[in-house]
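So, here come the structures, one by one.
Presented sequentially are two complexes of chain A, the first with chain B as partner and the second with chain C.
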Partner chain A sequence: MAQAAEIGAPPARQWRQSTVFLYLRSLFALAIIWSLIALWVGNHVILPQPTSVAYELFRLVISGEMLVHAAVSLWRLVLSYALAALIGIPLGLLMGLWPWASDLLDPVVEILRPISGIAWIPLALFIFGVGNELPIFIITYVALFPFLLNTMAGVRTTDRTLIRAARTMGVDQRTIIRHVMIPSALPQILTGARIAGGAAWMSLVAAELIGAPSGLGFAIEWYRQLLMTPKVIAVIVVISLLGYLTDRLLRWLQRRLTPWSTGIGAGR
Partner chain B sequence: MSTTRWPRYFILPVALIVLWQLWGMTLPARSRAPVPLDVLASAVELVASGRLPMAILQSLGRVGLGFLVAGAIALVLGLLMGFFRPVERNLDPIIESFRPVAPIALLPLAILWLGTGTPAAVFIVAYAAFFPMIVNTIAGVKGVERRLVQAAQTLGVPQLTILRTVVLPAALPSIFVGVRVAMGLAWMSIIAAELAVGSKGGGGGSGGVGEMMFVFYAYYIELDSIVVCMIAVGLVALAIDHGLRWLQRWLMPWAEQYR
Partner chain C sequence: MSHPATTGPKLRLDAVRKTFTVPRSGAEVVAVETADLAIEAGEFLTIVGPSGCGKSTILNMLAGLELPTGGTVAMDGRKITGPAAERGMVFQDYALFPWKTVFENIEFGLRYGPHGKGLSTAERRSRVARCVELVGLGGSEQKYPHELSGGMRQRCGIARLVANEPDVLLMDEPFAALDAQTRIILQEELLRIWGETGDRAERRTVVFITHAIDEAVFLSDRVVVMSAHPGRIIEILDVDLPRPRTDATRTRPEFQALSQTIWNLIRDEVYRAATAAGSAGGAGD
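Right, the complex of A and B next:
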């Protein structure tokens, strides 16, 4: 919503106000429908009123409980995301730059890639047990492939003319890689970063739901077992909000680092 | 170039499997760690007994059902939202608010509402598959060349007929991209849903590959069989994607750019 403000021109401001208005109006209508259905269902455990969800959300935030769960989840997410980037980007560069590396590694990547991170959960449960290692392993695994494949593709699609031009001017290979190929691959690397971010959130929830003693995913399941549905929905709202903000942050980074890029999803 | 490079492709996978096997042979006999030869034996057993194919069919059935439900809603809503401005302006905020909700996060609610059987799993699949399809349908409809629509309007074709005969075919390639993404997500979430239902549903088994994996983990501790299931999950994912690509080429030979 706030992004619309960046368009900036005076007529755009008016437009933005009306968009915000439309947004609120639609959500308000949704809340009323939800409330009516909740009245009709008449069971607080199955479908609580939106107001009681809002109240529980407020209480969870005020008591700091939500903060603790969110901090644990975010810490795991950031750690494994960084790990995936640290492994995926260099490996992708290697595979993009040298055909022998991609010949060797590509089959392994292609064998592992279709096996979703979630399918690793039972085996990882056995190896790591319930704890921090399981979600970190799963998220790193899931985020690794978008980083790797997009870096590789980005390096490979570097404009040959640019490389030849640099070579003609006597620039050595290492400098070409650093100053021509990496900048040219950056937009696609950042696209990979965004895909990795989305996939990471989804698997974080799954991994925590099944195999972690803490975190937001654990919290949903915990409150479900206690039949505290308003709290379950409150946690889901927070997960969605954080997922949304993560995506916004990555989009912002993409615009900031590669303002020239018009690539996939660089805009909205 | 492909003929000379072929042998290199096998070096690393074969080396890794051999190393894995050698590592497995150093383990004490009581170890439960999966080893390639045991995995193979377990795969033969699971396939021959028909348990794995049955479980995969059950999971695929749920994916298909959830996918159909999601597809029908996404197609109708997407066409209307892409074509009629007011519909989009009112529904888009709702779609955008629900989009960031991870499908797996809804699983506890699904269990609460629908129990631990097939309906909960189908719900999760439908939810996961809905968003890629609707987003791509809207994008596809908006990408339809204006002149085609205007030409039809000039000829006095009713709006809904234009939607069906002009907009839908022109948007089809983009819709299909959404279908492929949605299928990938759907297959991923069915595994998650079945796993979580298996682990959190209090044992009320509901079948499917995901639940099978959980049973192997929790009750039998047969890691070889878990690895077999993982490989099967990967192979099904590959088969789904290749099948859809093939379908796309067959249905829309003109849509080169979307491959």
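Right, the complex of A and C next:
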């Protein structure tokens, strides 16, 4: 895909058209298979027809209910994501730049990292109860590590020759950090941001299923209890769509912030 | 263009020795063994020798990027203890900042380093613009390095060096990655930028590394020949070819004779290295 984008600027439109086409074609095929399986299952509580899901989706959107759930979820997501970035990026820089910092923090990071965010949900229920705090805590926790680890790795893998080149021009260490090491880490920081975005969406739903009185995850659980499967799936479709759009947004940001980076990450 | 009124050499290596400790095994590698060398102000000096003979190590010590294990490296009689804007460097792999445009790369030293301190933004920009023209990169100022050919990237590297107005220009195999035609063009342009046709007193000191003998002879006032294992200076030769050097220089008998002399000095070692491939760990730069 990166290759296709690189080949020529003029056919960009053509490329986009064909991508849309490919997406629609695949989704259409999926809907047909789904429909056939639903016919075979023959129980609309277990698996409804895609058409009835589309209908419920339409009604949820029209009534404004979907918008309310989506807005609450997005608000939590953006807040936690920003928190994770605000903690993860500086900490990653610190650990990438100074060995004493990584000696101090690395063991903690390595011990916490393998613990899934979901594992904290029961404990978080004790501490925060059902509300905004629990999903915010879980999402921040989950999104923190991609930010931190990618920033750290990005700083550490700065091409040493570039640092040497800067030093032979007589600049000080602060300039080297600001104008060599951080820009050099930027592609990888943005890769971390995309991973964090995906992880944030996944944990958002998990946290809201159990620990929130509102939001998309809550809506899934709510309609499940009411056995309204078409609405459950309608919410899932919206989550998928929003997650996809989030990634597109982050990818756009990546291109905007690192126009010099040709492929994925590599700058030279 | 104020050159310090010292009578001694510009750069001096005094019984310089450099060893590296191999990280895992702890073994000592002697990269440079007791090197003595005096480089005059305004001189174009080239170091040739087979790969792994310690050329880069010597240049890095002159830059202040590495410190000698023994002996001293000095500039204008003062010991070199670290890198400084007075000694600029050009690298084989260009070492341009990928996130900066050609213009911003050339501007880097003046913008963030000590040599641009007294300059206004306008003065700085016009100096950068002059350097862009000097190396023939006009029109490519807003391009990123990845959009340039190898030859243009190294032009940018040279402009970045020259813009910062260092006293000493250190060049580590700057043309080694370029094709033969581009190389010949850049050799001639480098001499022009250095001020070959101008006043001798205006010329900066250049220390240039190459493993190409013809390149060394074509460019230099003097050629230092090194050999490996351990890396040491085996011969220093004067190049008595008239300047400016042109295509005709390459066909002169003195040119051929000197190239042959240098080749004779290092031939055995190059053959040995070529046949015993893999035995010595001198592949990395």
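FYI, the second predicted complex is superposed on the first by the 233 of 268 C-alpha atoms of A that agree within 3 Å, B and C clash if a C-alpha of one lies under 4 Å from a C-alpha of the other, contacts with A are read in each partner's own complex, and residues count from 1 in each chain.
Heads up, the rule we're going with is that a contact is a pair of C-beta atoms (placed from the backbone, for glycine too) under 8 Å apart; a residue touches a chain by one contact, two chains touch by 3 or more.
Please read all numbers here as calculations on a predicted model, not as lab measurements.
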First, second, both or neither for A:239, with chain B first and chain C second: first
First (chain B), second (chain C), both or neither touched by A:166: second
Which of chain B and chain C A:50 touches, first, second, both or neither: neither
More chain A residues in contact [chain B versus chain C]: B
Contacts of A:180 with chain B and chain C, given as first, second, both or neither: second
Sites on chain B touched by chain A in the complex: 5, 8-13, 16, 32, 34, 89-94, 97-98, 100-109, 111-113, 187-189, 191-192, 195-196, 199-200, 213-214, 216-217, 221, 223, 226-227, 229-231, 233-235, 237-238, 241
Touch list for chain A against partner chain B, complex: 22-23, 25-27, 30, 45-47, 99-100, 103-108, 111-116, 118-123, 125-126, 201-202, 205-206, 209-210, 217, 220-221, 223-225, 229, 232-233, 235-236, 239-241, 243-244, 247
Of chain A, residues touching chain C in the complex: 159, 161-162, 164-171, 175, 179-180, 183-184, 186, 258-262, 267-268
Chain C residues within the chain A interface of the complex: 63-65, 83-89, 91, 93, 95-100, 108-109, 112-115, 144-146, 160, 164, 170
